[in-house]
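Below, each structure is written out as structure tokens.
Both of the next two complexes hold subunit A, though its partner changes from subunit B to subunit C.
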Partner chain A sequence: MLFGIVLVVFLVLQITPGDPARQIAGLRASEADLEEVRQELGLNDPVIAQYGRYVGNLLQGDLGYSYKSRKPVADIIGDRISVTVWLLTTGVLMTLLISVPLGVVAALRKDRVADHAIRGFGLLGLSMPAFWTGVILLLLVALPTGWFPAGGFGDTFGEKLRAIFLPALTLAIGSSPFIIRGLRAAMISVMESDYISTARSVGVAGGRLVRRFVLRNAAGPGVTLLAIEIGYLLFGAVVIETTFALPGVGQGLVIAAQGRDLPSVQGYTLLFALVVVAVYLLSDVVTAMLDPRVEIDT
Partner chain B sequence: MTTPAFEAVPEAPQIAEASLAEPGAWKRMPKKVWVGCGIVLLYLLVALLAPVIAPYDPLAIEPANRLASPDMAHLLGTDELGRDIFSRLLYAARVDIPIGFLGALLPAILGTMLGAIAGYFGRWVDTAIMRTADVVQAFPAYILVIVLVFALGQGAGSIILAFTVLAWVIYARIIRGEVLRVRDRDYVQAARVAGLRKMRILRVHVFPNVINQTLVYLPNDIVFATLALAAFSFLGLGIPPPTPEWGAMIAEGQPFLRTNWWFATVPGLVIVGLGLGLSLIGEGLEEGLRA
Partner chain C sequence: MNEHLLEVADLKITLPAGGATITPVDGVSLSLGRGEALGIAGESGSGKTLTLKSIIGLLPPGAFVEGDLRFALGDQAPIPYAATDVHGRGISIIFQEPMTALNPTMRVGDLIAEGPRIHEGLGKGAARERAVELMRRVGIPAPERRARMWPHQLSGGLRQRVMIATALSTRPKLLLCDEPTTALDVSIQDQILGLLQEIRTTLGMSIIFVSHDLAVLGELCERLAIMYAGQVVETGPTEAVFSSPNHPYTEALMTSVPSFDATSDKLAGIEGHPPDPRSFPPGCRFAPRCRYAQDDCAEAQFRLVPTSAERSTGCIHTEVFAGRER
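Let's turn to the complex of A and B:
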């Protein structure tokens, strides 16, 4: 699977226009200089040889060197990754904080005012571009209160938390509607099932019914949803880090793409693909833990 | 498990039993659909009539009058090059709407056709199409769009192509399932016994009965395509300047948030409005067809 991804990314980037040697050596470099750079990078070798070398280096943790800064791509990613981990963790936590209560309420009050209000919010959330939500939060919260930095990342724990709060909230506003929708649907289908009628008939009711019987059974689809959303969350990170000038890997990818820095783009893309595959695996494990009926097939 | 086109709308699609071809089907549609259609029609009209309504050339620079506040001459003020923001918003509709619609419509057509072929012919055709779908789906779609656009070069064509390559999968999956459901129904068998050619059976007897799912999905996908386009342009990876585009305008306006707050916010409102209209159509169609 992962090798397939590596191959596709490698091939797609082969068709990129432009001469990397020219990019590195600069506009005034002579043809001899260019040839030297090409030799050095092995750009004259057949594509298959280049691919073999790339995969070989990859296995040793070597992602190549950035055309721009000439630093190892792995180091650049390493410097940036903690910001993105912060953003994603806080963002997912906030998503859960927002969507679980709202999803439960919408399901329990199906077709009543609260349900309609929550679904209306969802529809609105779906139509709002994340970067715009971020801009609005900057305008309405960061500028008037002055509590949150308009960009950048801090050094101490408190500073980091302050820098990450609005970006994470932006991420949560964008991703909550899907989770609310899915959770609502899952809970409604669970509540219509026989074992809930049985539990009701033996006198289980109220919060206990919801927590022990309904939510527990609806949690599986919820986790799967969150995993499917990882692609959206990663793209959200790309957009939101750019909006809030957070120096994470998402912003790194944008800078690399704008600067036509091929090895960096390749490195970031592989990182994202790896995360997606890992999250899918993890979600299977968590679903199995939540529901003993589910077996992991390997 | 069905993973949707743009890794969003995670709900398993409901099977729409009612057909739009039935008499009176449109009358049973919830009011939402019509409200949504009204909104979308308004946007289409604006896109069509932009050259007539717009008071200024969207590319005309007026350096003496940069970052002006809204007044009678410039309804939404001017940007950092002195271009009229209102006119640029109107002209941007001619960029965002066609790309958003095409970026969703092409994958829908491709996916629906491939799904129908996979489902109806089965065997190696099915295997080949669905394996390809598996591979495409394993990628984080948006990230791959960035890579594809990076490789192909910026511009409308690259973006539409990237969307098409990635988003057909969901339609193929849904329609394949639907075709499998319909394939062995009596009327299809009857058509087969009557000796009709395969393509004709597929076109006349199978297709009209499975097309609903595509229609339910399409409006949501247009929203995603439009939002994605705006996002890529916001990042400076989509439509290159100076072409007016809503996402790019938000990026242009962000540095001036403190003084000219309308510059970055209004283009977003415009996107949200279009998104709401399309979402209403999508939700309404889903409800109306399930009933």
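Let's turn to the complex of A and C:
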């Protein structure tokens, strides 16, 4: 699976137009200079050989060197990753904080005013692109109140939290509607099932019914949905980190792509793929923990 | 002590159905004595399950219930109740499908313990002990071990026993049974029927048993109510109804039961189809399928009329049955 991703990433970057040597040496470099750069980077070798070298290095944890800064790609990613981890973790937590209560209310008040209101706001959240939501939050919240920095990241825990709050909220606004919708649908189908009638018939009601009978059974589909959503959140992070000038891997990817910095782009893409695969695996584990009928094949 | 435990008068259930409304239960009246077992028989769609669910307040959202439901919580005469009040307070229900009636993400012991925890305020440990005791009561072998199992780890018969233990956990006076044996193997069916019969006599419970299987009803119930198209068309003691039905539908239902000594190879079905609840025929709803139907059947207002102290029928031409004994 991962090797497939490596291959695709490698090939796509091979066939994209543009000459990395030109990018490195500059527009006014002579043909001899360019040739020297190509030789140095091994760009004249057959594609197969380049790929073999790349995979070989990869297995040793070596992602190659940035064409631009000449620093190891692994180090560049390492410097940027904590910001993105902060952004995603806070974003996912906020998504859950927003969507679980609203999803529960929408399901319990199905077809009533609260349900329609929640679905209306959901549609609004869905139709606002992240860069727009981000700018709106910056203009309406960050600038007038001064509570949150308009860009950049902090050093202390408090500063980081403040810096990450609005970007994470932007992520959550975009992703909550999906989770709300999915949770609502899952809860409604659970509530129609026989075992809810059984529970009600012996007097289980209210919060106890929702917690012990409905949510536990609706959580499985919810977790799967969240895992898919986290995949999208990664790419949302690219936009949001650029909007809020956060020095994370999303921003790093944009910079690397603009500079035709192939090893860096490969590194970032691989990282994203790795995270998506890891999140899916994790969601399977969590689903198995929630539902005793699901067993993990080892 | 008042004799009656449950009284249902003129029960009418209206459900939304794609813009229109239907009335799948239309004017059902029932009464049930203490310790009595009443069987409700009828085809699917006759309204028998909805009638049962309205008694315990488990109708789907959007259902509108009219009529008078009374239940005796103590020794006094039955008093009007909101069906939602009886959850865990005197009425329990067991369902047809033991596969779907148990919470898949809850250990069966914990499920059975829910009722005692809520209504008797038992702590976790005490409630678990009660659950094991109830599981032993309904004949589940190795109850301590099985209480910690998930529903999917149990067989259909054991699940239905868990369902019964759950129903008994609130010490009901009335147990509603919605075809609890239909989804089970024949040999397991007998075991479950035997269990229900036994707990009913030892605990002095009343039972309403809904089924399309007349043989099952005959085994368990003293009295029968036959339902057709949302109405009770005949009631009476089981034996009397079996030996001399007073309604053509009852008669048709009984002749459609295949028997070993039947001379014909052909299954005797009932001609035609049950009517669509969106457009019930006027007058007697069975008339279009009835072999004895006469012109006035479609005109007379439907009414359940007593024919003796214990029996009543909705048929206006009972003379066709006169002098006939089966």
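As a convention for this text, the second predicted complex is superposed on the first by the 295 of 298 C-alpha atoms of A that agree within 3 Å, B and C clash if a C-alpha of one lies under 4 Å from a C-alpha of the other, contacts with A are read in each partner's own complex, and residues count from 1 in each chain.
Keep in mind that, in the parts below, a contact is a pair of C-beta atoms (placed from the backbone, for glycine too) under 8 Å apart; a residue touches a chain by one contact, two chains touch by 3 or more.
If you're wondering where the values come from, they're calculated on a predicted model, not measured in any experiment.
**Student:** Put the two structures on top of each other at subunit A: do subunit B and subunit C fit, or clash?
**Tutor:** When both complexes are placed onto subunit A, subunit B and subunit C end up side by side without any clash.
**Student:** Quick check on the superposed pair: does A:L171 touch subunit B, subunit C, both, or neither? Answer first, second, both or neither.
**Tutor:** neither
**Student:** Kindly classify A:A199 by the partners it touches after superposition: subunit B alone (first), subunit C alone (second), both, or neither?
**Tutor:** second
**Student:** Per the contact definition in the header, classify A:N217: touching subunit B only (first), subunit C only (second), both, or neither.
**Tutor:** second
**Student:** So in the superposed three-chain picture, is A:L139 touching just subunit B, just subunit C, both, or none of them (first/second/both/neither)?
**Tutor:** Touch partner of A:L139: subunit B, not subunit C.
**Student:** First (subunit B), second (subunit C), both or neither: which does A:V265 touch?
**Tutor:** A:V265 sits against subunit B, while subunit C stays out of touch.
**Student:** Touch check for A:V104: first (subunit B), second (subunit C), both, or neither?
**Tutor:** neither
**Student:** Look at A:A257 in the shared chain and tell me whether it touches subunit B only, subunit C only, both, or neither; answer first, second, both or neither.
**Tutor:** first
**Student:** Considering only the touch criterion stated at the top, classify A:V249 as touching first (subunit B), second (subunit C), both, or neither.
**Tutor:** In the superposition, A:V249 touches no partner, neither subunit B nor subunit C.
**Student:** To the nearest 10 degrees, what angle do the lines from the C-alpha centre of subunit A to those of subunit B and subunit C enclose?
**Tutor:** 80
**Student:** On the superposed three-chain arrangement, identify whether subunit B or subunit C touches more subunit A residues.
**Tutor:** When the residues of subunit A touched by each partner are counted, B comes out ahead.
**Student:** Give, as a whole number of angstrom, the minimum Cα separation of subunit B and subunit C in the superposed three-chain arrangement.
**Tutor:** Taking the overlay as described at the top, subunit B lies 8 Å from subunit C at its nearest C-alpha.
**Student:** Which residues, counting only subunit A, touch subunit B once they are in their complex?
**Tutor:** 1, 4-5, 8-9, 12-13, 15-17, 123-124, 126-132, 135-136, 138-139, 143, 178, 181-182, 185, 224-225, 228-232, 234-235, 238-239, 242-243, 253-254, 257-258, 260, 265, 269, 272-273, 275-277
**Student:** Note which residues of subunit C are touching subunit A in the complex, please.
**Tutor:** 53, 56, 58, 60-61, 87-89, 91-93, 95, 97, 100-106, 111, 114-115, 118-119, 150, 152, 163, 166-167, 169-170
**Student:** Show me the residue ranges of subunit A that touch subunit C in the complex, using the header's touch definition.
**Tutor:** The contact residues of subunit A facing subunit C are 110, 192-195, 197-205, 208, 212-213, 216-217, 290-293.
**Student:** Under the definition above, what is the set of subunit B residues touching subunit A in their complex?
**Tutor:** Those residues of subunit B that touch subunit A are 1, 3, 6-11, 135, 138-144, 146-148, 150-153, 223, 227, 230-231, 234-237, 247, 250-251, 253-254, 257-258, 261, 264-265, 267-268, 271-276, 278-280, 283.
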